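Two complexes are shown next, each including subunit A; its partner changes from subunit B in the first to subunit C in the second.
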Partner chain A sequence: MDVLISGIITQGFIYGIMSMGVIVTYLVLDFPDMTVDGSFPLGAAVAASLLLSGVNPWLCCIAAFFAGTLAGTVTGILHVKLHIKNLLSGIITMTALYSINLHLTGKPNLFLGNAVTIFTFENGLFAGIPSSIATLIVAFLIAMVIKFALDWFMKTKKGFLVRTVGDNPQLVASLGQNIGAVKIIALAIANGFAALAGAVICQYQQFFDISMGLGTIVMGLVAVIIGKTVFGRIRLIQLSTIAILGTIIYRATIAIALNIGFESIDLKLITAVVFVIALVLSSSEIKESIVRLFKVKNNA
Partner chain B sequence: MKKLLRNYKAGISLLLVSAMVLISGCTSTAASTSTPAATATINTANLPLIGITQIADHPALDTCREGVIAALEAAGYKDGVNVRIEYKSAQGEVNNAITIAQDFVAKKAVVIIAIATPSAQAALTETKKAGIPLVFCAVSDPVAAGLAKDLTTGVTGVTGTSDKLPIKDQLQLITKLTPSVKKIGILHNTAEANSDSQLAEAKALAPQFGFEIVDKGVTNSSEVATAVDSLLPNVDCIYNLTDNLIVTSLPLVLSKANAANKPVYGSEDSQVTNGSLASVGINYLELGKVTGNMVVQILKGEKAESIKIITQEGKTVTINETTATKLKVTIPADIKASATMVK
Partner chain C sequence: MLELNNIKKTFNKGTPNEFILYDGLSLKAEVGDHIVVVGSNGSGKSTLLNVIAGSVYVDSGSVVLNKIDVTNKKEYIRAQDIGRVFQDPKMGTCSTMTIMENMSLAYNKGNKYGMEAGLLKHKREMFKDMLRQLGISLEEKMETKAGALSGGQRQALALLMATMGNPKLLLLDEHAAALDPKTSAIVLDLTESFMTKDMTSIMVTHNLADALAHGNRLLMLHKGKVLLDIKGEEKKKMTIEALIHMFSKEEDVFTDTMLF
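Coming up: the complex of A and B.
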């Protein structure tokens, strides 16, 4: 398969893990969570430093996930317990994470070298298969595990509460449930996903860079909105599927823009245009939630 | 219901458009490699592709790229004539650097030139699989970045140029031009790997000259002003590394330092042209040309890893006369004789 196409889909699956978190916080909970720009490189930092000290790469991913849930919990506590606005509490955690990530790795750029990663296929199940295909399969499997875990969670009582908090917080309160606790759980899960995506990406690209979180939440939001616009009307489609497919389309858009020879200085402009097109095409409920997002920004 | 249907249609059309562009994009690259030249445009598309990937648009890095292209032209490789040179910047985002590398690999580039560390690392992951030679440029520590086995030998398929700041010479220049200086202030971006290693070296060398280094880390341009303000009262001069963020904020650093009547030393000649007192440093155009010549060797059939990595340690002294007069700095005759003077 073409390197570019397998690259797009692989990156789509990996960043899709992050988008699945964004869909929970943003679409379900109506919480634009900026923490992601910090928890994504946090996961990469945790994974990179553990990998270099010889820890099993899968354990590194799990550790990264838990580090991410911790970051999400901090944002949740800032918002719920200290009553800081949602956008701001995310920005605060993201800012703090920058220093924490540097402390974890010791320097702004780490090369993973010949450390064994989840994408090392020399001798194992995937020996003999082209590495780009094996990489794609592994990325797909991780995304599927997360997808089914999220689908399952959303069907549990807690998952139901998460949905209800977004739609109708009064109902949750009237059921005698703690709205704050539900929000914190959702943020923890979402940032766990973002950190896991960071851990997987850093093994995929074989290096950690402190700047690698740049633009993550924008990517997540655009992906989720594209996904919702294009696939949202399909009956019974899971939110997780929307997130993954949206991310693949977003990565494809960037790759197409680069491939057909747009000036790379126009990349951000293209992202913005795609964002606007998706928004305009999307349903009115998303329009409303975006308007709310900007209202929050203006108040902040 | 009607509205619902319309939205659905709109959504599907967005998907179709992206799919169509993707498919046409792929077929055009596929066609370009298989069909013989019929028109001028296809002709250009058939030329061997040289891909240049750069992490961000930044004056020093842009100068490197100009040097690379100049060296290629000097050797007879002209864009659109007998080669195709494609330049892409990742706009600071590492995820874009990966996509750029994959794009070049998919287009079957004959050689990829990567400017600055993250772009080189992103390209390495892809070129390694595809067996495309990679030439890096302006990577300060290629060994730590995983691009080289040691300071002269690249990993398989890789060679390039490293820019090593002549920090020792710089400290020496400071003692000669401004002997009263005891404390040197260094501003740096905590996110830049290059600055990290340069700062560590400056700190290690400082005691030899009786200097004390006071450093201040910043994370974005809005913090530079505060950092300079808090640094200036505690130091006798400021020394700027090749830190991208600080160099971009140079006018601000200079205006504050001038107000405090304290000299600012730089790490490349353009910083001196812009008002810093003096520098012993790297000539990025030259660095780019050296890199370009390596690309030429590869195009002529040499294996990348057999070309030695070159570390350019610039020794060019550049002094700004106007700034020297303003700060009442007398320039010793022996230094003046060998230095490039700018106004």
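Coming up: the complex of A and C.
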């Protein structure tokens, strides 16, 4: 397979882990969670600093996940206990995490160099397979583990409460359950996923940068909205599948844009444009007005 | 069963819009009491339910539920013993979940919501039987999302769900008001079937005919005070005309909507 294509899909799976978190907060919980911009690099910082001190790379991923759940919990507590608006709670945690991430790594960027990562395939299971394919397989497997874990969770009683709290918090209270606690659980999970994605991306790039979280939430939202627009109508499709497929499409769009001559400094601009297009296409009112426009022309 | 003692509640305290609703409201309800509450707009009917359920806290006085003082207890803690149906059918169901999922969720009330399967597959036939009794064919729509149901269907489901956890107290806030006459009758009939000897219910309504036809105790509120409290035979003898007369005596704005 072409290295470029396998790269797009690999990144799609890795960022897809983060998007699965975003779909839980944004679509299920109805909570635009800015924490992700801080918890994604948090995961990377935790993984990078642990890796360099010789910790097993898989343990680094698990540690990153738990660091992320902690960040989500903080946002949840700010919102639930201190009654700070959802958007602001996320921004506050995100801001604090910038300093915390710098403390963890000691400097704004870190090269992993020759440290053993989850993508080190010198011998063993993947001997003889091109490293780009082996990397793709590892990214796919991690994304699938998270996908099935999330699918399973959403079908548990606790998961039912998470689904209810975004749609009708009053029902959660009427059922004798604490609305705030349910929100905090969902935020913890979502940011755990973001941090895990950060840990994996950092090992994939063998590089940590303090600004790598910039725009993560926007990317997650675009991916989720693209996924919902394109695949949302498929009956019984899981939210996790929508998040992963949406992310792959988004990564492909960016890669195509770069390939046809845009520069990397244009990336955020392209993201903004793709965001607008995805939002416009997802709105049924605009779809209807386009259909009407064509009908009028045909009649004339 | 339920006691409200000397409840005081002022809204918008300290602002020009300050409004004293309750200035020492007291009310006692025994097990088996099925109270219908009527009163004009702003008489404090809905707030009464909110005060009992815990969505509104009182300034002073106490709320006692099953001999336990719950005045400062949070809504979700009081909810263990309370079933609630709102005027808006959306408030009682989760629109993004199917009927089967909604009923599984409600059936689990009183137990832990942990990591077990949320869908109670083994209760499916029981849920279907419960739906069948409504007589509106909801049992054939187990996999339909609640958001795709009509207001009446959704409210019937909400009422069923509210009573699934065997609440000791059922609070109904004009729960049949937003429905067409036929569905309204179905929902009220279903409500009547829950008005048993070992339950207590408080139903707020604007419809005087419904108020006389249902329940065994009638409460008329006016400006946060109990104007009339009758039960049993006395309630049975009460007429719409007499009620209207009492309303108009209070020089209150009286509208058509109370009749129909």
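Note that the second predicted complex is superposed on the first by the 278 of 300 C-alpha atoms of A that agree within 3 Å, B and C clash if a C-alpha of one lies under 4 Å from a C-alpha of the other, contacts with A are read in each partner's own complex, and residues count from 1 in each chain.
We take it that a residue touches a chain if its C-beta (ideal position, glycine included) is under 8 Å from a C-beta of that chain, and two chains touch if they have at least 3 such contacts.
Because the structure is predicted, anything quoted here is derived from the model rather than measured.
Engineer: State whether A:159 touches subunit B only (first), subunit C only (second), both chains, or neither.
Structural biologist: Only subunit C; A:159 stays clear of subunit B.
Engineer: Figure out whether A:133 sits in contact with subunit B (first) or subunit C (second), or with both, or with neither.
Structural biologist: neither
Engineer: In the superposed arrangement, which partner chain does A:84 touch: subunit B (first), subunit C (second), both, or neither?
Structural biologist: A:84 sits against neither subunit B nor subunit C.
Engineer: Scan A:209 for contacts with subunit B and subunit C and give back first, second, both or neither.
Structural biologist: First partner only.
Engineer: Thinking of the overlay built on chain A, is A:249 touched by subunit B (first), by subunit C (second), by both, or by neither?
Structural biologist: After superposition on chain A, A:249 lies in contact with subunit B alone.
Engineer: Is it subunit B or subunit C that touches the larger share of residues in subunit A?
Structural biologist: Of subunit B and subunit C, B contacts more residues of subunit A.
Engineer: For A:52, select first, second, both or neither according to whether it touches subunit B, subunit C, the two together, or no partner.
Structural biologist: After superposition on chain A, A:52 lies in contact with neither partner.
Engineer: Identify the overlap between the subunit B-contacting and the subunit C-contacting residues of subunit A.
Structural biologist: The answer is that subunit A has no such residue.
Engineer: Spell out the part of subunit A that touches subunit B in their complex, as residue ranges.
Structural biologist: 2-5, 7-8, 11, 15, 98, 102, 107-109, 111-113, 131-132, 201, 204-207, 209-212, 214-215, 219, 226, 229-233, 249, 251-256, 258-261, 264-265, 267-268, 277-278, 281-283
Engineer: What part of subunit C is in contact with subunit A in the complex they form?
Structural biologist: Going by the criterion above, the answer is residues 55, 74-77, 79-80, 82-84, 86, 90-97, 101, 104-106, 108-110, 112-119, 162, 165.
Engineer: In the complex, go through subunit B and note every residue touching subunit A.
Structural biologist: 4, 7-8, 10-12, 14-15, 18, 21-22, 25-26, 28-29, 57, 86-96, 98-100, 102-103, 105-107, 117-118, 121-122, 124-126, 129-130, 144-146, 190-193, 196, 219
Engineer: In the complex formed with subunit C, which residues of subunit A make contact?
Structural biologist: Per the stated touch rule, the residues are 153, 155-161, 163-164, 166-168, 170-179.
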